[in-house]
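Presented sequentially are two complexes of chain A, the first with chain B as partner and the second with chain C.
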Partner chain A sequence: MAHFTKAKNLHDWLNQRLAIDTLNRVLATEYWIPKNINFLWAMGMILAITFGLLLVSGIFLLMYYQPNIDLAFDSVNYTIMQEVGYGWLWRHVHGVAASVVFLIIYIHMFTGIYYGSYKNGREMIWISGMLLFVAFSAEAFSGYMLPWGQMSYWAGMVITNLFAGGSLHADGLVEWIRGDYVPAQAFLNRFFMLHVLLIPLAIIGLIGLHFGALRIPHVNNQDGEEIDFDAEAKKYLAGDKANSKVIRFMNDFLAKDMMVVGIFLILFFYLVFYHYDFAMDPVNFDPADGLKTPAHIYPEWYFLWSYEILRPFSTDVGLIAFAFAQVIFFLLPFLDKSPNAVPASRRGLFKYWFWAMLIDMIILTAMGKVPPEGVFSTIGLYAALTFIGLWIILPFITKFEKKV
Partner chain B sequence: MKNNSRRGFMGKAFGAVAGVGAVASLYAMKRSWDPLPSVKAAGFTTLDMSQYKENELVTEKWRGKPIFVLKQTAEMVKKAEENPKDMERLIKIGNDYFLVCLGLCTHLGCIPGYNPDEQSFLCACHGGMYDFTGDVTKAPPPRGLDIPPFKVDGNKLVLGEEGPEYKKMLENGITLKA
Partner chain C sequence: MKELFILAVVTVFTLVTYYLVEPFAHSQMHKHIESEGFAYKDLPALTKKGDATRGKDLVMGAGACTGCHSIEVAGLPAPMDPVTAAQSYGVNPPDLSNAGVVFDAKFLAALIKNPAHALMLEHKYNEKSGASYPMSQFYGAGGDMDQEVADMVAYLQSIAVKKEELTPNMAFEVACGRCHAIHYPYNLDGKLHAPWTQIGEKPTFKHKQDELAFETKVLDYQDALTKYLGTLPPDLSMYIRSRGEHYIKTFVEDPQAYLKGTAMPRVGVTAEAADKVIEHLENVGDSKRHKREEIGKYVMIYIIIFAIFAILWKKEVWRDLH
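And then the complex of A and B:
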């Protein structure tokens, strides 16, 4: 047993039992951050805060939500919105955060792609991040079911039908996933369970993994400079703070993080109080009806690009293209053959590749929203083909890149 | 050495017991996720076929899914006779012909709308089209609208039971098992 002495104060008492000073050093005051990183590196902190907002607002919604196909719609649209004191606040915080979290995830991802932060020892940061993206997608989809409106019901119908695998015609699998021939009570209950317990647990575990993956390679920086963190930390601790290339996470870097978070939260609560409707589809304010399909089914904005990759092809080809779009980002660290982990602007053809990919995904998102007719179908088809083509050429254009 | 092999044996024995337990619990989890017996049993619907009007689409419900019933006009039957595959999709009851099919697009399961003037179905979601016999006329749907298992019983149609007419459709590849 460790040796305990009579504690001088509460801090000392806790320190002997929980080593809070060591913990604080490792996690905060001697967790080193490069000096030359811009506001885009604060997206991780914004995501952590937004996840916290989702968790707290979700807990309050959970207290009045009824996971029953006859009661769910009214429990959300009447009880929570009209009766529960400030119920509307939790719902709008939850709805807006669910949408905004994807915007920040995409910024976070494209920042990583632009600065090459997935390369040369940082592969696990990228892979654990992509796993988080998948978990957040599943979380968003299962949550979208719960108000049991028209869009909820038909999104459930369409997405679960994807598991039939087109010509494989695995209807047994689809019925197994639903627990019924159509989305019904069993379906609502199991998606409720997934949304409030299983997937959030997975997300919390993955956030731990994502943070842990940062510990050894450390965060990248704006110039792609390879920093010797041990040597720079020594310089800092010796008092040469001006010449050291690193600073403490707390309180130094956290001050910048929190300023960005502050600006984000002002925008966030502006949306919550004045434009909450952007995250709510009007069709979902009709109760679910299994005998009537809405005229035009589309997912929330953050899934539109992958939905549009599915849409312009015949069923089987569409499913393969869709599956391709879901997994290909995972392989980015291995498809990018260049030795450089520097900003895209200093690289070869990759700088065009980056902007082409970003613009193509914006076009896919826009085309996914409009009905699949006429010129929009054509644009959608070419944008989908461009997406696949860009990934195919990536290893070739990066292979010949010279070391900078 | 002797101790090590004894520990190794204990480890393997525990591993085997745990493995059996893991497989057994996975099976229990799979079965818990299966549709309930009550869901599977509530699978029969009887339709009185004398109540329908020509070229007027009626949507019935079977296993929670919409079922389209479309009584064919004499003209439509004549048009269908030109294409033997179309004719095989129709169900004859007395002297009348009916299209009875699942009202779910074979692409991703949305409900197509019926236009009585053009006598065709359009699924607005992805632009799939079907003719009045439920046969696909424009992709992306991979095949015509599926026909639910049925049995002709005089003037009535029992959905959920497989009669000889339905089995013939299955054999001819007119529909997949719904």
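And then the complex of A and C:
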């Protein structure tokens, strides 16, 4: 047993039992961050704050939401939006945050890709981040079912149908997932449980893993410079802050994080109060009707790119392409054969690969929403083929990259 | 400087994506229909000045309006209860007390002369189909027909409440309320109003039996309406969010422009009455809008101050780091 002495004060009492000074040092004051990183590295903090907003607003919504197919729609649109004090505020915070969190995730992902932050020892950061992306996707989808509007119902129908596996006709599997032949009460209860318990738990665990994965390789920096963190930290602690290449997480980088968060929150609350409808599909304000198919069925904007990879092909080929799109980002650290973890602008053909991928995903996103007719189908098909092609050529174009 | 450049790149890509997914995609999915401002240009202008006194005689007599319509303000009750009326005509003929303020004068005149034409229902009621619109057309009382119609319109306008007195839910009841229900109660001036059914506001009942009797009447009415229109018109509780103001306004102006062949008639409301209907739908489906805007201001001020302090803190901390 450890040696305990009579505590001088509360801090000392806690310190003897929980080692709070050590924790504070390791997690905050001597968690070293490179100095040369820009505001894009604050996206992690924005995501953490947004997740916090989702969690808190979600808890309030949970108090009044009814997971029953006859009551769900009105419990959201009438009880929460109109009867409960400030229910409208929590709902709009939740709805806007659910959409904005994906925008920030995509910026966070493309930042990682641009600066090569998935390479040379940082593979686990990337993989745990991709697991978080998948968990957030499942969380968003299950949450979208809950208001039981027209798009909830029909998106639920379309997405669960994917599990039939095209020609495999695994209809039994689809029915097992739904607990019924069509999305109905069992389906709603299951997705409710997934949305409020199982997936959030997984997300919290994964956030822990993602943060943990950063400890040893440290975060990358915008010059791709390999920093000797111990030597630089010594310099900092000796008082030469200006010449040290590293800074403390707290308060040094935290101050910058909070500055970016502050500016982000201006945009966020502007959306919540004055443009909340950007995140909510009007079709979902019609109650679910299993007898009336909407003219166009499409997912929320953040899933459109992968939906569009599914759509232009025949069923089986489409499903294979879709599965490819879901897993391929996980393999990025292994498909990128270059020895460099530097910004794309200083690399060879990868420079063009990055921008081509970004633009291609925006085109896929746009084509995923418009009706698949005429020129839009053609553009969608070529964009989907480009997406697959870009991933196939990635190992080849990076293999011959010289060390910079 | 470099960070501002990066911010600009991120912003541009975000806005392009937003533009493509929202305004662009919606322009491709839904054709845009411009409102003509409730001018009803296809209907002939009123050339005669109406005389309300003569109009009253026509409405009560030769015009035969009161055979089917009630005029509560003139002390004329409905000849049938709403359910029986709907079973006879398909839908309950409206009370005419406020028709003169809710409906456009040109539209009313055209409606009296040729209902199927004014309502844009000629695809359903024509010589070929053999069906005639339940409201019979006015063939004139023997004098100048345009003058007679103008007199009747003048009478309806004279008994209606003034424009300023028309409340949002009155406009809704007259224009939409005989076909569309709204199952959300709504607050107005501190009073909670009951849900609207096609036969009126649902009263509070002491006994379950009376409530069931009322609900049976609503169902009977809805059955008649469904038979008449081919489908039960949707509940409008959330229409302000699911369709939005622009859609609702242009839809009531010309339903055929959106849904060719629909049984939904052109409503014929004035621009002011249309605004009142929208206001009613907002009271029902978006009742916290004023609170949202009021609180939004304070939150924005708070968050801007927070951001300023965050920027100052960053400057303070980083002074030593450079």
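Keep in mind that, in the parts below, the second predicted complex is superposed on the first by the 404 of 404 C-alpha atoms of A that agree within 3 Å, B and C clash if a C-alpha of one lies under 4 Å from a C-alpha of the other, contacts with A are read in each partner's own complex, and residues count from 1 in each chain.
What we mean here is this: a contact is a pair of C-beta atoms (placed from the backbone, for glycine too) under 8 Å apart; a residue touches a chain by one contact, two chains touch by 3 or more.
Since we're looking at a predicted model, the values are computed, not measured.
K.L.:
Using the superposition on chain A, tell me whether chain B and chain C clash or fit.
P.N.:
fit
K.L.:
Touching A:Pro371 in the superposition: chain B (first), chain C (second), both, neither?
P.N.:
both
K.L.:
Would you check which partner chain A:Ile263 touches, where first means chain B only, second means chain C only, and both and neither mean what they say?
P.N.:
Touch partner of A:Ile263: chain C, not chain B.
K.L.:
Touching A:Leu89, do we find chain B (first), chain C (second), both, or neither?
P.N.:
Only chain C; A:Leu89 stays clear of chain B.
K.L.:
Please indicate which partner A:Arg311 is in contact with in the superposed arrangement: first for chain B, second for chain C, both, or neither.
P.N.:
Only chain B is touched by A:Arg311; chain C is not.
K.L.:
Contact-wise, after the overlay, does A:Phe273 reach chain B, chain C, both or neither (first, second, both, neither)?
P.N.:
In the superposed model, A:Phe273 contacts chain C only, not chain B.
K.L.:
In the overlaid three-chain picture, which partner chain does A:His296 touch, first (chain B) or second (chain C), both, or neither?
P.N.:
After superposition on chain A, A:His296 lies in contact with both partners, chain B and chain C.
K.L.:
Check whether A:Met193 is in contact with chain B, with chain C, with both or with neither, and answer first, second, both or neither.
P.N.:
A:Met193: touches no partner chain.
K.L.:
Now for A:Ile107: first (chain B), second (chain C), both, or neither, which partner does it touch?
P.N.:
Second partner only.
K.L.:
What is the minimum C-alpha distance, in Å, between chain B and chain C after the two complexes are superposed on chain A?
P.N.:
11
K.L.:
In the superposed view, which residues of chain A touch chain B and also chain C?
P.N.:
295-296, 371
K.L.:
How about chain B: which of its residues touch chain A in the complex?
P.N.:
33-36, 39, 59, 61, 63-66, 103, 107-111, 124-127, 139-142, 176, 178
K.L.:
Mind listing the chain A positions that touch chain B in their complex?
P.N.:
Contact set of chain A toward chain B: 154, 157-158, 161-162, 166-167, 169, 171, 175-182, 184, 186, 190, 290-293, 295-297, 311, 313-316, 318, 371-373, 377.
K.L.:
Which residues, counting only chain A, touch chain C once they are in their complex?
P.N.:
35, 38-40, 74, 77-78, 81-82, 88-89, 92, 103, 107, 241-242, 247, 251-252, 255-256, 258-259, 261-263, 265-266, 269-270, 272-274, 277-278, 280, 282-287, 295-296, 301, 304, 358, 362, 365-366, 369-371, 376
K.L.:
Which of the residues in chain C end up touching chain A in this complex?
P.N.:
Listed in rising order, the residues of chain C that touch chain A are 2-3, 6-7, 10, 13-14, 16-18, 20-22, 24-25, 28-29, 183-184, 234, 237-238, 241-244, 285, 287-288, 291-293, 295-296, 299-300, 303-304, 306-311, 313-314, 316-318, 320-322.
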